[in-house]
């Protein structure tokens, strides 16, 4: 149980935990905005896992400098960078559609949004 | 052990102590206005001391750290004031342990 | 109740699967092949000191263009749907302290956002976070007032111009160097200065303007749907 | 900076952060939570600067700057919402 | 030495994030949940910095702190709370 | 052209911010910084600082410096107060909101006073309405509460009046 080991795995555990909690929230909550919040949490967890997949403890950030010799993988970070901005646009869309649906059905509870069922 | 070195230690230590005190205050104080007393004053001075102390350890960073500190001094009281006003305006959020409340009276006069 | 139990069961099953997947995984000691080659040759290839920006803008520039299109369609959808929602009762006016602060701070925040955008190839940052910071300045203006902004021709023209710039820079690379979004149609310069890394700063500016105008457009249409008191 | 001093700084800042976090989770009213959010973000700004210092790279300070400016905006947004300014 | 401090910091932040995520889903008022999710986003930014990803940290801070909070608050204002 | 001094002083301040952001004296950085800060100052009409040239008279400059030191002294006092308060087993509390006058014309001066009060011993500003300011005390002072609060507010307002006249 070296410090490196704990450092590396705590990140993965956090990301995984957030994904699972977000999934649980999406499955069990009833208020539409609560589901959107759970979705955002799962999104954060996925981003953490993606960045973690390119992370090596003891190396430095991928910005070249005279003092830097070994760097972490820049590719997952680049993917996550775009994913975060997309995430907020999708969350905005989620909220707006939720507001519209709750206006149509008269309640924010998803059990009352019958017309969205197929 | 130069003077700057000792001063840097003292400033960072005091700053961290004030940040800790703000956490304790926010945790222990009973209502929202009193929480705000701890959460605003102690974090502001704590951040200034902590950042300038670290700036003495690494003098080339000092301008940027002071910029962060100035931003905190400018913005922290404003957000705290906005929260206080919101807490007072909202009936369900307002604490009930106030000895004197002139603001409530002047609101009553307006209506 | 049954929903909670079923949800918990599904989550637990998924957790067991994930744990078995990562069970025999150890802390790696080297990067994957792609990452290794990016870190080794990134600076010579693109001239950008910040390798993440190099990947976002140069190596994977086409993906970023698609991503900007996704952002554009999402924000267009938001603005369209917002017109279907009935207009509300309008916000209350802020206190004079908040409105004064919201009047003075935006110039500093915009300067800061432009710093993040233009130094994307030198320090952490780039078009996406810088654009978000510039949009936050707009958000601060919105929080410090209770009026509805006028019809923003300026915002939409900035938005179109930024998208057009991105596309044209890409085609310039295609015609001059035979590759869409070729980075080195401009000289790479000496790494570590502002004018270096080919067209990366220009594309960062385009992305920043695009992101800032999209997010500001979302905020301004929220405010319009809120109505006026 | 000696190791002992660094540990002391970590313990003090982490302790403050944890206590403010507890108030964020337990706080009975929404404004209590908002005050706790304000405090946690400011303590975390200090923490970010400390991390940048330990890694010895001045460019990481940009993160702390963005963090402090935008966390102010987040708290202000919550306050304005509670005040009826975001309708 | 740095490594063990960073390990402690990442474990502490991770525990806080998990607890806050659960709290955000079970807390009564939606406005409290929005505030707590804002905290989770900001802590994620700290974790990204510890994972040597300053670009991602800056983006997460700039998006998660103000912009997504405002979007959710607006939706809360338009829909109304639970019950 | 009435705003020209304000625009010039704002761009100077923004240039200072830019230099401390970049931590570099490369000629390209400086040229870009001048361009960006002038554009930002013109676009926001010099709102960041207002006209700073008025402060260049020696009397006002000294007043500004003395205000800063007075404020820093009060702030350190406030923090020692908070420090000793939060670690007591039972926190001494006697809270109340007091309304006092604030006779300042300039909006900027009012905001500075309100923010200073928030950062100094035992008080935060709750609201400003017209010429009145509402102050929350964590522990109400002995004797006449309104007179005490008025003298505390005037401590700031009187010093600021010298600068903003």
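For clarity, chains are labelled A, B, C, D, E and F in written order, and residue numbers in each chain start from 1.
As a working rule, contacts are C-beta pairs under 8 Å (C-beta built on N, C-alpha and C of every residue); 3 or more make two chains touch, one makes a residue touch a chain.
Computed from a prediction, not measured in an experiment: that's the story for all the values here.
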| item | value |
| --- | --- |
| Chain E and chain B - chains in contact with each | C, D |
| Pair joined by more contacting C-beta pairs (D-E or C-D) | D-E |
| Most widely separated chain from chain A, with each centre as the mean of CA atoms | F |
| Approximate Å spacing (C-alpha centroids) for the pair chain B, chain C | 31 |
| Gap in Å, rounded to a whole number, between the CA centres of chain D and chain A | 21 |
| CA centroid of chain B to CA centroid of chain F, Å | 14 |
| Set of chain E residues in contact with two or more other chains | 6, 34, 50, 53-59, 61-63, 66-67, 70-71, 74, 76-78 |
| Residue list for chain B, restricted to those that touch at least two other chains | 17, 21-22, 24, 36, 38, 40, 44, 46, 60-61, 64, 67, 71, 74-75, 78, 80-82, 85 |
| Overlap residues in chain D, where contacts from two or more other chains coincide | 17-18, 30, 34, 55, 58-60, 62-63, 65-66, 69-70, 73, 76-78, 80-84, 86-87 |
| Chain C to chain D touching residues, read off their complex | 88-94, 98, 109, 112, 116, 122-125, 129, 133, 136, 139-140, 143, 146, 226-227 |
| Touching residues (chain side chain E, partner chain A) in the complex | 3-4, 6-7, 10-11, 13-14, 17-18, 21-22, 24-25, 30, 33-34, 37, 40-41, 44, 47-48, 50-56, 59-60, 63-64, 67-68, 71-72, 74-76, 78-80, 82 |
| In the complex with chain B, residue positions of chain D that touch it | 1, 5, 8-9, 12-13, 15-20, 22-23, 29-32, 34-36, 38-39, 42-43, 45-46, 49-50, 53, 58, 61, 64-65, 68-69, 72, 75-76, 78-84 |
| Contact set on chain B toward chain F in their complex | 17-18, 21-22, 24-25, 28-31, 33-34, 36-38, 40-42, 44-46, 60-61, 63-64, 66-67, 73-74, 77-78, 80-81, 84-85, 88, 95, 97-104, 106 |
| Contact set on chain C toward chain F in their complex | 95-97, 100-101, 103-108, 110-112, 114-115, 118-119, 193-195 |
